[in-house]
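Each of the next two complexes has subunit A plus one more chain, namely subunit B in the first and subunit C in the second.
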Partner chain A sequence: MMKTDEKMIVNGKRLDGRKPDEMREIKMEVGVIPNADGSAKVSFGKTTAIAAVYGPRKLFPRHKQKSDTGIIQYNYDMATFSVDERKRPGPGRRETEISKVSRLALEPVLFLKDFPKTTVDVFIEIIEADGSTRVTAINAASLALADAGVPMRDLIVGLSGGMVNGVPIIDLCGKEDNYCDADVPIAFLPNKNEITLLQMDGRLTPEETKSIVRNVLHAGKEVYKKQVEALKKKYSE
Partner chain B sequence: MRSEYILKLLEKNERLDGRKLDEFRKITIEKNPIKRAEGSARVKIGKTDMIVGIKMEFGEPYPDTPNSGVLMTDAEFIPLAHPEFQTGKPGEDPTEAARVIDRGIRESETIDVEKLCIEKGKKVWTVYVDVYPLNHDGNLIDAGSLGAIVALKCTKIPSVDKDGNVDRENLKGSLPIVHTPITITIGKVMDKMIVDPIFEEEEVLDCRLCVATTEEGKVVSMQKIGVGVLTDDDVDEMIDIAIEKGKELRKLVEDGKKTVKQKTKTNKSRKS
Partner chain C sequence: MKKNDKKSREITVPGELIGSSKTFKSGYGTYIEGDKIFSEFVGILQKKDDYVSVIPLSGVYIPQRNDRIIGVIEEVQKFGWIVNVNSAWDGFLPTSEGIDDYVDVKKVKMERYFDVGDIIYTQVNDHKKGDVQLTMRTPIARKLRGGVIIKITPSKVPRLIGKQGSMVTLIKEKTGTIIRVGQNGLVWISGENVDKAIKSIKMIEQKSHIFGLTEEISKLLS
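Let's turn to the complex of A and B:
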């Protein structure tokens, strides 16, 4: 974690005026890409992810096909203009890792065995980044999969927790992400409370770590409600 | 089937090689096997064999930390180490492994990077940590992390000659290492938690959680690996295991000499 003298919490308020356990404004919209089988756009404050799902569709090249199951492919990408200093286009090591952990975060909710030889392709574009991009993307992917009608055990919620100036917080913005004591991105199945993505960077006691995980699971219920609302909105129109 | 057999054993709290669920294989540590490197280590955990080399090169600091040296960690899963490893650009698994190993060192602030500034804002030392499994029999991340911290601890900084070039003939003292992070990977399958899985055990695990801890008892990095799910209680248990086993492995690093763990005799005769 980088160091700064700037206080991340003043009088119980965060840089953007939020309380420690308060999320940014969340916007979710389902069905934003006509070409895709399912799609969604999700914003947490100034972080915006668009997800498009294609499939289940036949997997090429053929040698990648699996006769007993379908597979999921996940591609996380950031637009060059999504960050302050232009990002070099294309996937780097960070993107490769995020794509892997995110794919594995989604896999447990799908019934891929019912779709042998196929792939479910999830494409993510971060068009604006202000922290917590991987979990914002997970929410978009969850909605896009549901929108595509891919059978799912549950929706999947992504949310970050962390700690700044010794105070546990939820939904880190970019600056908090950079200067926090720790950040803990999590994805989980909200109805069963099963964690499918868990990462942590920083410096915490075991007790702090455990309680942040629980905070995120708790606060994530709110994100789940928003997902359900967004899906209902599209299909009630 | 082999995997069913492994699961059946685990149900009875037993393992293929007779270890307890929370027991590591024999660990041996060799310091500085590579003379051309600024620091190196070879770590064997059972049949897993890992070599880690450190090179120090001039680099540019990041704009937001103009006085700090830079840490770069790479892993190459070379095909000589396992039939499933392939040549070419590092794929997902080595990329993830390198980044998890990197974060254990970085987040614990193990290297005092401010001591690696050569010319403010212009020239700093970049510490390259390169991880190569020579034989893969599971638990590569723990082995790589262990190798990395041992190698870093015996790394010497080259000097800068009068023309401003790296002078590796005259070493200038040790890399400033102020912590001893240890990464422990805990595997979960059914309701069982195991440490130090061999390759065949990794194949049957639901998922794994890598947890890096420091000698102060802090958690500095976690990464869930693999498909499968964890509950909050699972995470609690895994953190506790990582703290305990971390202490054990840290002793091996701090003792410095080649250390051999006592073997347990139980179930030694079982064949499958």
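Let's turn to the complex of A and C:
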């Protein structure tokens, strides 16, 4: 972890004035790309992700087809202008890894067994990055999949937790992401209480980990409500 | 809009609890875990007596036996045709199911019957694990000549047809067109005022979830 002299928490308030268990402003919108089967835009503060879903559709090349089940192809990408210093375009080590873990997070949610030989394509573009991009992307993917009408077991909620100066926090912003003691992105199914993504970068004791996970699962219910609201809004004029 | 307040359609989201399997039978768009029934789709919840189902508001077409669909010939093969049926899989129409007369495949060109790009009104014979078999051996099946094809969401097809075909008959009469609706979401239109018919069909697709749609359509067409 990088070191900084700056105090991350002063008088119980974080860098951007939030309380430790407070999330940034959440905006969700469904159906932003008319040509996609399903799409969504999700922002947590200054982090914005756009998701487009196509399928289930025929999978090519043919050797990738599975005769007993469908597959997900998840593509996470950051726009060159999404960060302060221009990011080199195209997927690198980081993007490939995030695509894989996110795909594994989505697999238990879909009934892919009903769609043999097909693929569900999920394309994510981060147009504004300020920490917690992978969980924001998962929220967008969840909404886009539901919008596309792919059969799902549940919606999926992503939210990051972490630890700064010994205080557990949720929904890390970019600076906190860089200088925190540890950050823990989590994705889970709110109605089933199943965790499908849990990563950790940093050092935590078992007790600290447990308390962070508990905080995130609790706060995630708020994110779930926003998702439901966004989906229902599209169909109620 | 006043009607809406009294009896608005209830919209479900995936994973939403919609009942217990002890009191309800689960229908399309739902799944059972433990003894609880959950929704699979963003859709309209329907409860009839002890039967619950969810009609999805979007999604691809899933072929089912005896569905009457519209397909476009994609490829001519030795013993049949590959047909695009607007689904996740292609349909296959074998020679024996496609034509009535006996043909010697060595001598006769299959293009004589159906060529690439031809539109057919056909029926699903069977669907197993992504293998969709079609048949023309039903009275309703035929080749459609001329006309245009438009796509709508497959789950909204019943709304377009209306009660005993009331909605589609209305459009047919008012615009002087011939319309054939496939259950896979492809609609074939031919006749005088095709543009107007397309406009009204698109409107039905957009406003499928509101009440009093038939009146609105007849207002648009007159």
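Keep this in mind: the second predicted complex is superposed on the first by the 237 of 237 C-alpha atoms of A that agree within 3 Å, B and C clash if a C-alpha of one lies under 4 Å from a C-alpha of the other, contacts with A are read in each partner's own complex, and residues count from 1 in each chain.
Criterion: a residue touches a chain if its C-beta (ideal position, glycine included) is under 8 Å from a C-beta of that chain, and two chains touch if they have at least 3 such contacts.
Quick caveat: nothing in here was measured; it's all calculated off a predicted structure.
A.B. asks: Quick one: classify A:200 as touching subunit B (first), subunit C (second), both or neither.
C.D. replies: In the superposed model, A:200 contacts subunit B only, not subunit C.
A.B. asks: Is A:32 in contact with subunit B, with subunit C, with both, or with neither (first, second, both, neither)?
C.D. replies: neither
A.B. asks: Per the contact definition in the header, classify A:148: touching subunit B only (first), subunit C only (second), both, or neither.
C.D. replies: Only subunit C is touched by A:148; subunit B is not.
A.B. asks: For A:49, using the defined touch cut-off, is the partner it touches subunit B, subunit C, both, or neither? Pick first, second, both or neither.
C.D. replies: A:49: touches no partner chain.
A.B. asks: Just checking: does A:124 make contact with subunit B only, subunit C only, both, or neither of them? Give me first, second, both or neither.
C.D. replies: neither
A.B. asks: Touch check for A:104: first (subunit B), second (subunit C), both, or neither?
C.D. replies: The first partner, subunit B, only.
A.B. asks: According to the stated criteria, A:191 is in contact with first (subunit B), second (subunit C), both, or neither; which is it?
C.D. replies: second
A.B. asks: What is the shared patch of subunit A, the residues that subunit B and subunit C both contact?
C.D. replies: On subunit A, the residues that contact subunit B in one structure and subunit C in the other are 189, 192.
A.B. asks: Which bits of subunit A are touching subunit B when the two form their complex?
C.D. replies: 1-2, 93-94, 96-97, 99-101, 104, 107-108, 184, 188-189, 192-206, 208-210, 213-214, 217
A.B. asks: Taking the touch rule as given, give the residues of subunit C at its contact with subunit A in the complex, in rising order.
C.D. replies: Residue list for subunit C touching subunit A: 8, 11, 13-17, 29, 31, 33, 38, 40-42, 56-60, 62, 88-90, 129-130, 153, 155, 209-210.
A.B. asks: Where on subunit B does subunit A make contact in their complex?
C.D. replies: Counting only subunit B, the residues touching subunit A are 64-65, 91-93, 95-96, 98-99, 103, 107-109, 207, 209, 214, 217-232, 234-236, 239-240, 243.
A.B. asks: Any idea which subunit A residues touch subunit C in the complex?
C.D. replies: For subunit A paired with subunit C, touching residues are 37-38, 55-58, 67-68, 70, 111, 114-118, 146-155, 189-192, 227-228, 231-232, 235-237.
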